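Pasting a structure here, questions to come.
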Amino acid sequence: MILHLAYSAVLLSLASAVFALLQTRFNALVFLFLGLSGAFAIAAGVGELLDQTVLIDKIPLGLPWQAWHIRFDGLSAFFLLIIGIAVFVVSFYAPNYTMNEQKDPQSFAVLSLFTGLFIAGMMLVLLADDAFMFMIAWELMSVASYFLVAFKHENSANRRAAFLYLLMAEVGALLIILAFGVVASFADGFTFDALRASAIPTIWMSIAFGLALMGFGMKAGLVPIHVWLPEAHPVAPSHISALMSGVMLKVALYGLIRFCFDLLPEVHWQWGVVLLIIGTISALSGILYAMMQQNLKRLLAYSSVENIGIIVMVLGLSMIFLANNHKELAALGLVAALFHAFNHALFKNLLFLGAGMIHHQTHELNIDMLGGLIKKMPETSVLFLIGCMSISSLPLFNGFVSEWLAFQTALQVDVLDNGVLRSMIPVSAAALALTAALAAACFVKVFGLIFLGVPRSRHAEKAKEIDSFSMMIAPVILATFCFFFGIFPSVILDLLSGVTSHIIDATLPQTSVLTPLWLAPVSMQQASYSPFLILISVLITALVLFFFLHGKGATKARIVPTWDCGFGALSPRMQYTSNAFTMPLRRIFATAFLIDEKIEKTMRENTKLNVAEVRYSLHIQDHSWVHVYQPIERGVNRVAKQVGRIQTGNIRTYIGYSLATLILLLWVVSL
Amino acid sequence: MNWAIAILQTVLFVALAPLLAGFLKFCKCRLQNRRAPSFLQPYRDLLKLTRKQPVISENASWLFYVAPYIIFTMMILAATVIPLIAVDMPTSESADVIVLVGFFAFARFFLALAGLDIGTAFGGMGSSREMTISSLAEPAMLMAVFTITMTASNTDLSGAILHILHSGSTLHPSFVFALFALILVAVAETGRIPVDNPTTHLELTMIHEAMILEYSGRHLALIEWASQLKLMLYGVLIANLFFPWGIAQSFTFGALSFALVVLVLKLVVLSIFLALAETAVAKMRLFRVQEYLGFAYLLGLLGMLSHIILESTR
Amino acid sequence: MNIETQDFYTQAILSMSALVGLMSFLMLGQGRLPRLIFVFAMQGMLLTLTAILAASELHSPHLYISAFLTFALKVVFIPVMLQKQVFAMNIHRDVEALKNNTTVMLSGASLMIFSYYVLQPIIHTSSMIMLNTLVVSLSVVLLGLLLMISHRQAVAHVVGFMSIENGLFFAAMAATDGMPMVVELGVAFDVLVAAVLFGIFFFHIRTSIDSLDVDMMNKLHEVER
Amino acid sequence: MIAVYLLLFLSVAGIAFFALTGHHKDIGKLNTYINAMNLAITVWLATTVYQHGTILSESKAFLIDSFNVYLIVLTAFVGFTTSLFSAPYMAHEIELGKLTEGRLKLYYSMYQGFMLAMYLVLTTNNMGIMWVAMEGATLATVLLVSLYRTPESIEAAWKYFILCGVGIAQALFGTILLYYAAEKLGNPENALLWSVLHEEAAQLNPDILKISFVFLLIGYGTKIGLVPLHNWLPDAHSEGPTPMSAVLSGLLLNDALYAVVRNKMLVDGATQSHIAGYLMMGFGLVSFLVAALFLHRQKDIKRLFSYSSIEHMGLMTFAFGIGGSLATFAALLHMTVHSLVKSAIFVTVGHAAQIAGTQKMAQIRGLIRTQPKVGWGLLIGTVAIAGFPPFGVFTSEFLVLLATMREYPWLTPLLLLGIGIAFSGLFRHIQPMVYGEKPEGQLPIKANLIPVMVHLGFALWLGLAIPHFLSDWFSQATLLISGSAL
């Protein structure tokens, strides 16, 4: 039954794709199918999470001697739930957002076709139970999303981004295939059951882990192989960016978890350390780069790198605990990671949809060109604010809960015997704290510069609130979730505790408390958090304050022009810009970037003293772009050039090759 | 009963905060050979501000209005978490030290936004600097606090304090580092010299003041009070976490009143130290703050390591 | 065992093979096209004789046919056609300056030795001394390749190509006294068509680059110039 | 058996008819009809073989077994669809004045000639005839390569002629050695019949077969386009008319590989060693990698895809070289999907070149905006050939990788490297051509894209689920070639 729900989710998304291809006039149906697909996905996910039975099936597709194996367990269900929510809300959002595309039936067909395929691919990845089907679904996801990235291909930058994206996807996929191949070569067949049963030596296991980490990490956007991500995500239409950044990265994480925790017979703490370090680096550099961006969607993409880094970090913790036979704590880590994945999906979607709304109303994504929107677009601003608060993990919102859990996991380090680990994990915890704080700074910048202050451009001046209800409902749903799961996290955590039992057959410690009121991951004695109580006390205090300060006798505020210190009119250009805001951090973390900062002064010709005009230009580049990507590209071209020499164009040389080869081979066989 | 105590303690917290600020000012004036205003001066200022009619820029949005309330509320919540005169408060169960940091972050978030709301250069400058410093201070603070909580294997403050109380007068080398780290962080977070100077309005140096430049009347009162409360919170945190002796473990009147007296003494000592420091040290350049906080982080790290290397049982 | 102990027929075949090999060497060193073609015709003649000899000795009638085919194609048709072309295009006078001729010769000799070395295992599969001629035929093939490498004239390439065919034919006869008839016919047919096509191509090449120097044909390449 | 004769007869008739009768307007249609009939015949043949198993003609001249029967069908199919495409294409060329009526006659008769040679190569049981037919294929196509009579085309044709001629000559030497080895077993008349040789493979002298295989591999390898014997291939593909490139890439290379594999089976039987496999693996891997690198430096769109053909042939050769059931199955599948997809790509490429009026990739721009069908066809085709699922190419590459991982793990990184390089090489050129705004005054043309859709559709089908009868064929062929069932 549940499995059929999942199937119908996949089929519905395919149906919407096919329906779009037919190019009928009823575009609404396309989105209806999408919405239904999302709803079914949610239903299937929740249903499976509630009754924890692993469902298995076979579909007569694929290789003659091996049909597609299907397996639907807690982990898949959880990620399917994430996809479902995202797709569901997007189906509300898209119809109005894609108004312009719908004017041109062909481009709309292309967009919807690949959207449907993309979603279907992601869902199939979760259902796959053999390497072959997994790879097909995986690549379907990648290729479809490639076409979506290349959707606005008139712009050459987008083409480059799309190419880079597809290249990375291909390389990553090859690495994943290789990882599967390594395990499969020690097993009979390449169904996941066979892989689980494989008698693989430790060294090969570690190789497989490394390959999988690179392959999935490339998709998930781990530093230093993340460069495609900030290029590709922003250029797609916003609801697609939301799906890619909010959901596709999660699918990559799903692959990583499935491979490391489930398929590989055992885990080693060294792997955990690797994950921990890479995660930390990704989290820190992700948020630092995000801070430096001016394009809103690029910024959000980089912040995805950060959040993925956090999740991988916590996975590393969980792996370390698992390898040291502290299964409950491993479960705790896994729960924290999964919950953060869930939350990230929520608020990242919310923010991308918000960015889409801003772009839709102002045709502007450059933070320095916006401002003062809180008055023009009040509802949007509230929703966006909620997104910002969740992502910068403030209490009462969901982002905080998962980071709190992460800290709790890290603080269990005392149970470990290995001193190195015990001293390293707290450091990474502090790095996590730094990341959170930087994220807060970053999103203060985002919200402050976009919504507060005075408009910096005519577009922002003329902006109006979204008038379509359905477009507004999508972010509303997400924002509500962000708040709700911030107050009652136990709803999700309960579901998750079952997931872990499938993957590492362990659940949270017995002493842990997960009630709507209390949240104590290890035990009530160790640490407890009650967002609900806090919410209550917030309300009480606010009421009291209001009563005291706005009771009778409170004078009404006087509204006056801003005090300009008597210098004359203030202009919007006097406000802090994005670069100005981040300048201190840029100077402090200067080594993290490749900064090219220029100040050109032109003096008045008569005297060398007084300045006519000053030009300031700032260009910040990613280290890994210069030190990882470009060298590879150059290398390939150089080798290709060298190889090109063998084809001289002279036929006598060619005959010479023939003779030489003949002689060589004859010599070889005569040995 | 417990709840009553808890609420009373919180009220006490809020009530005493201006007094601490006043006393601190008093000490400083004395150290600098100036005639000091009375301890109660802060109360008078707050009262006056609440009476005055707020003057607000026309650019201000609703966020500008609500920010002060949010900030103040968050500080009060923080006050409910930190044990003042008694441990085992039901309120302190609801949030642990990480949440405490979260509350501070929450307040800061809105303070910075409020700074950006009017759209003046000063506001942006203040928010930018505030976020920079805090994002450096937070990890240092957590490092310091984690040292304690790992010793107590408990991130609830009252739990940690109890653990330290029961472990008797064992001398933890790690605590020394943690203490100094926390003091440094506290100075930075509460915007005192040498990181920030609460008394100046010189645009090149001001941080906290730059953000609240546009506030007036009751809003300003709330923010001022909140920052005084913050100072008190850090003071109490340091005092009760590292020198918990005297804090009431049973809700008898005697214990509580004794605890109060002890606490006052602790705070007096602390504020004298702070005053001394502020008189002796000069404000540092903005871009030396990272070194300062880096040092704090280092101390926290050393505390952590010495806990793991020197104090753990294995 | 050595050649003295063999009967006349074997001796004849062996000497024939020696001559055929010699012809290949002569072609290798030949710069003038008319002479080159003549030598090629000689080689064809030798092959025909060998075929007839073998046919009469082994009483296998179909060898007569292949002898006739060889004569018709390799002695009459192709050489005549090539000569015509050469004179028509008026290149019968120009001599191709063969660079480092001695090296080519030496490498040709070493190719012969190499082919002997390679075919060693095959030769040892039977006591038939006739098999040694296989070595000659292989070296004729290789020398044909070498001829094409060392010469730049398209006509010379055709001659080289055809002399490779000679080598093959000789091999077929020496090792297996003739392939099955149907194959023989097929091969002959292919050779015929090939010859015709070559004729057409000379014309095309001539018109397109008005020369028959294959080194002029190097527009299609992958090198950065 | 009648089917085979009918097949060959039809082709011969086609040659004669086109060559003799004067030009008439629906000559293209006629060609299509003949190929359609051939396709029908081959399907009939296939079904009979599918039901009754291997067929050996009374004269033992023809052998149809599970290995070649599906290649025959494939040949007929590609021949048919390409003729569908070539009719309007050639008509358009005539309009452009690139061709004369006479040449068109030549084109069509040679088209049939080529098909005849292909059928003969596949159906014959006699290794000698196989050689003759293979040479015949060269002779039939060489004039088509120089059809346009441009200096480049003539140069290309000459190189094609000489290099393939020389190569094929070496193959003949190998055949002679094979004959010699077999003749020692008695009855010289049957000594070249593959069926006989395959039965008695064990008695054949291994040393001779080893040497003969070297000659055969180099000879037919030249036609497969194995590096470093490949040099004729890109020239011939890029200069000839596009339908020719389609059939060359889709069929000729396959059949040459088919010949090599047939011989490999004999050698394996005789030597009981893996020497032939090693040679093929070495050749295949080198071709695969080198061709992948060449892709990066191309400026001409047809050269680009001919290098990609070299790359894929290299992969198949490698896979056959590995031997073993999995690899062989993969290689057979890859043969099929590659010729399907590649010929489809050449069709779109032809249209693209006609739209832009040039084969220079630098001047082909904005295809999707100009003529969406062509643009998408090219893009999807490239996606398929680059090995993205759910197209069949992925399936076969996946299996090859797994097989390699089993047998020679240390070679897999090289394979992956090759795939990655090839992919980037293709896409860096394709993207700017299909995407972007359309250039000024670029107009859509009359194009027949049904072949493309059909081919890609089949490729997709094979990727998602291999139909039962086909998988049966493949597994029987696998059993035949590798000697071990899946």
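As written, the chains take the letters A, B, C and D, and residue 1 is the first residue of each chain.
Here, contacts are C-beta pairs under 8 Å (C-beta built on N, C-alpha and C of every residue); 3 or more make two chains touch, one makes a residue touch a chain.
What you see is a predicted model, and the numbers here were worked out from it, not measured in a lab.
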Contacts common to subunit A and subunit C (chain labels): D
Which of A-D and A-B has more C-beta pairs touching across its chains: A-B
Rounded Å distance between subunit A and subunit D, as computed from the means of their C-alpha atoms: 44
Distance between chain centroids, defined by C-alpha means - subunit A, subunit B (Å): 35
Gap in Å, rounded to a whole number, between the CA centres of subunit C and subunit B: 101
Distance from subunit D to subunit B - Cα centre to Cα centre, in angstrom: 78
Junction residues of subunit A, two or more chains touched: 641, 644, 646-647, 651, 655, 658, 662, 666, 670
Junction residues of subunit C - those touching two or more other chains: 118, 121, 145, 148, 157, 214, 217-220, 222
Contacts with two or more other chains, residues of subunit D listed in rising order: 158-159, 162, 166, 170, 211, 294, 297
Complex contact set, residues of subunit A against subunit D: 60-65, 106, 132, 135-136, 139-140, 142-143, 150, 153-154, 156, 159, 162-163, 166-167, 170-171, 174-175, 177-178, 181-182, 184-185, 190, 636-637, 639-641, 643-644, 646-647, 651, 654-655, 657-658, 661-662, 665-666, 668-670
Residues of subunit A that touch subunit C when the two form their complex: 641, 644-652, 655-656, 658-659, 662-663, 666-667, 670
In the complex with subunit A, residue positions of subunit C that touch it: 114, 117-118, 120-121, 142, 145-146, 148-150, 152, 157, 214-215, 217-224
Of subunit C, residues touching subunit D in the complex: 118-119, 121-122, 125-126, 138, 141, 145, 148, 154, 157, 161, 164-165, 167-168, 171-172, 175-176, 179-180, 182-183, 186-187, 189-190, 193-194, 197-198, 200-201, 204-205, 208-209, 214, 217-220, 222
Touching residues on subunit A, where the partner in the complex is subunit B: 371-372, 374-375, 385, 389, 392-396, 400, 404, 407-408, 411, 413-414, 417, 419, 422-423, 426-427, 429-431, 433-434, 436-438, 440-441, 444-445, 447-449, 451-454, 524-530, 533-534, 537-538, 541-542, 545-546, 549, 554-563, 570, 572, 574-576, 580-585, 587-588
